[in-house]
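First the structure, in the form of structure tokens, and then the observations on it.
Labels run A, B, C and D following the written order; every chain starts at residue 1.
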């Protein structure tokens, strides 16, 4: 019904060629209770505003266009007291109606606010999300410290279970916004904000940074993948596994290139000597659907182009270019492919 | 409520009989001075709000610094309060259009202002914090420097006005300028009192 | 006629001024010539010749200097040099330079490493970033122009920022220090 | 003494007495020296408007560049670095160098004429304000051309614009531009407030002040208490960047939200400082084309004042997405919705006036119709974003881009173009072409709606603000292309307006004093009004002096012509109080402005510039103040002690 609404609300210009596999990023297509409340409030506001708009602008335009004179006539100053009182009554009535309408909207806002805050939070998943200049670092908290793991730009959550994000920023202000699940919340350096969401429908929901944060603000996307609980548990367990040296010789050579070159200075692969903290954790990079904060699909060609010269794809990014000889690049790609 | 025409017949006004300058709220310069004072008063109020906003960000106050020494700030406040007397007398002399009185009291006001600036120099040495130590230091230096800028500019204004009264060329409305200049000095003093309490006593009470 | 000259002069100054602000994201200057030009000794057999003077392309570029400052913390230079005051590694803010303060010398020090613990970053840090680090390290002792030098960081104030440091003369290592 | 011809009758155009009365006073020098030294509020006001319109065109070109870059997904036309500078310079120019100054400039030109006085109060200060404003705008565009333009958004949030992430001198140029435009804006406020309270024609009591002047007065009071907030904020930012203070450094006790509070405490009143003068222009035009006095004058005045007070109470609605406590935010929702009521009151009063009048449709009224349509839509989307929960979905998306352009272009640019077409005959003595005016209106109206309505949908479909490109997979391409086409049509509309202005300057029909047979005093003078507007200041007896028979019941005689004097009247009842000599033309405001510019730009590069830079400023100001012997002698000749 919501897909139909967004087309009804707009002249049907949205290109229908959007492939279904493409992740959704649409505030009018709620996949969770929070976004559902917001769409309800949006519908109320849209309806009331359309009515008020038609009445007001109609009155104003008709007032002028119904009987326009050809010439500028002499002004009539004599407006009877009785007409004045009639007009005063009309204007006062209109103002009162407007005030009541606005009061209704304030009440609707407070109701929605309370509904948003009322999301049941028992057995919630805690994720600490840190915004960096131009990617997202998510570390899944757990009572048992050994079970904590970190991933980047792709956040899997179990359907039906609430998720509490604690939002931190490492450099400038960012803003977490996954329109299908909830409104946005800023990540401000020096402060910790909390944001609670819940997905009631499995799917891939795309989000994007919504607070201007520099050169690559446009390509700072993230994916929230809502999996059925069992699929999520499998994913979570897999994320906790560390990797060992790959058996395939080219992949092993690729690991050497990774650890002896520039990669290990910024990236970490759990279970190997590479422990750089300033780039995304690549332990399970091959299992992610996209690269470079949802900019490129995760294909070997894209990966090679990205490693070769990131600045050509995302000018201003903090990852430097690496002109590796073809053999090393091939080995490195093979190694990264093993990091499922 | 249609527009009622007032009593008809000629309502001409003969401006020749009117004075060519005025004192107090009917003079344009009064409105200009009060307007600028209102603007800068808002800036002072916001600087004080910034000081207390920064206060909410830390537990101990002042953070890793001793409160400013009281000696110079208090001396300066006394000088400033004392300066109200010559300031008022200069204003009265201006309104009396007493040339000799204006000359004397403007010079006395100038001496007070210069004394205040000199003591302000010592105040800066006794703040116990530098502007780039932390946000508290920045807020303190911002507040004090904002007031010092007004102090220096108003002292310069008064000096120019006083010089004019000695060298001429003079005319009637200069006396109105004297009373407005006194008005602005009231603002400089009025602005200093809350700043003094905030800078010197807030760290001790909070 | 002189107004046109004045206009051209202003343009040149303006253009030069804006070199400091250029953001060349993907240019990679070569460093090989820098190392070739280095000599550890003043004494040369045969006819003396002048080694090619190597200019760091990012010398006074504000963007490169700020990238250098970021990399100084990302690559953990602070681990040994602290914020420039020195720790297990030598201080970088003062005027004492053990291996020379020219861009080529600092470049070689980073790439080749130095005895007593300076790691060799050659192949570990791309050359473009090494040049940015070189520019930043020199700015820590005031060798970069004040309008391009980076300002303070949004972190604990460890030292006055590079744009508030007055240029220090370079006194080679080993000259007797006046008793401070 | 014959009372002047009854206004409203046809022979008001050929009135020899009035023409003699308006013969120019001496003291007005011409040529370049006259241009640089003038203190006539009309010459300064006009160049203020033309300069601001010039910056409007520049920023419009930047907007077209942005639309071209966003027309197709993953476009390579403009890189992120240049795009960030373009959208920042577009926003900063439109808000700080076009909208606020041009509305103040309308006041500088029209308020003295509408009040029946000879010149604005403190005219030399206004000249200084103009030069400072001009140099500020030139500095910003020089920096932009040299690739050193600000790139952190027109609101320049910290820490992106802070010392660590605001690399180079870019954000310093932004912060210093704020200082330029704020000093200039604040000086204009003091001058217009003094003019409205002290220089009204005798008999113009408080409730006979035209609504346009009320709107200007309310705007100036808002400016007076809002602009210091952004001056404190931009000064704190430039101190953080240059001398290492810690106002916004969270690690040393500062806070990034302190910037947002300070900026938006100014930011929201600022958009009302742009919008309220627009209401004033509409209130000046509606009664004239409805051929009847404006209905509900007291209600309109109270609404303007209520808008001003409320505008200071809702700045946090720009910060709903931050981690501030929610209970506080709901208060701001209520305040943000409440501010819609005063505007609604004015809308109803205009509609009722037009309904009960003998309305005649000319280009100014077309733009007022456009204003109704676009502003009401923008106001309703404003109510949507004022609701805290809904704003979480809409904040910082293209929905907000659509909302702000609807209320700013609808609320300010359309009334401004109505004002241009309405007052063009008074400023130049020639009428603008009606046919071209209609075409301009429809091109701008259709172009605007085609450009900005689709952005509401883009915002709901997840397109955030300030992105230099977007992925092809998102499906936003079609709507963005539509917006680009609309923007180009809007651009053609504004181009057609410029053509109409150029054409009408030479070939426009002669307008005479009162082509629209309007009611307010500015239509009593010749077109364009001479220096000093008139020898004999009128005595007013009604709110619509040119319509009410006997509305102008007399004149003020005995004011000297050289040095030209004007009459100062009391605040409420406008009783004559005393006469004051107008200052003589002087070059020193320009020289002081140059010295101040050197100080401001120098302090970007070295803090010591503030110290050595203030010496030439002090010298220039002293010479500006110092009276010449001839001037003092002439004043003493006319002197009369109170």
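Here, a residue touches a chain if its C-beta (ideal position, glycine included) is under 8 Å from a C-beta of that chain, and two chains touch if they have at least 3 such contacts.
What you see is a predicted model; the values in this text were computed from it and never measured.
K.L.:
Return the chain label for which the distance between chain Cα mean and whole-protein Cα mean is smallest.
P.N.:
D
K.L.:
Using the touch rule from the top, work out which pair, A-C or B-D, shares more C-beta pairs.
P.N.:
Comparing A-C with B-D, the pair joined by more C-beta contacts is B-D.
K.L.:
Using the average of all C-alpha atoms in each chain as its centre, how far is it in Å between subunit A and subunit C?
P.N.:
Computed from C-alpha means, the inter-chain centre distance equals 40 Å.
K.L.:
Distance between subunit B and subunit D based on Cα centroids, please, to the nearest Å.
P.N.:
That gives a centre separation of 30 Å.
K.L.:
In whole angstrom, what separates the CA-based centres of subunit B and subunit C?
P.N.:
A distance of 49 Å separates the two centres.
K.L.:
Show the residues in subunit D shared as contacts by 2 or more other chains, in ascending order.
P.N.:
Residues 81, 159, 164-165, 240, 243-244, 246, 249-252, 255, 293, 544, 548 of subunit D each touch two or more of the other chains.
K.L.:
Subunit A: which residues touch two or more other chains?
P.N.:
Only 77, 79, 84, 189, 315-316 qualify.
K.L.:
If a residue has to touch 2 or more other chains to count, which residues of subunit B qualify?
P.N.:
Expected reply: 2-3, 132-134.
K.L.:
Within the complex, which stretch of subunit A touches subunit C?
P.N.:
Against subunit C, subunit A makes touches at 189, 260-262, 265-266, 278, 309, 311-312, 315-316, 318, 320-323.
K.L.:
How about subunit D: which of its residues touch subunit C in the complex?
P.N.:
81, 142, 146-148, 159, 162-165, 167-170, 240-244, 246, 248-252, 605-606
K.L.:
Residue numbers of subunit A touching subunit D in their complex, please.
P.N.:
6, 9-10, 13-15, 17-19, 22, 25-28, 35, 37-38, 41-42, 45-46, 49, 52-53, 56-57, 59-61, 63-65, 67-77, 79, 83-84, 87-88, 90-91, 94-95, 98-99, 102, 105-106, 108-110, 112-113, 116-117, 133, 167, 171-173, 175, 177, 179, 182-186, 188-194, 206, 208-218, 221, 295, 315-316
K.L.:
Given the complex with subunit B, which residues does subunit C contribute to the contact?
P.N.:
Listed in rising order, the residues of subunit C that touch subunit B are 152, 157, 160.
K.L.:
Using the touch rule from the top, collect the residues of subunit B that touch subunit C in their complex.
P.N.:
The contact residues of subunit B facing subunit C are 132-134.
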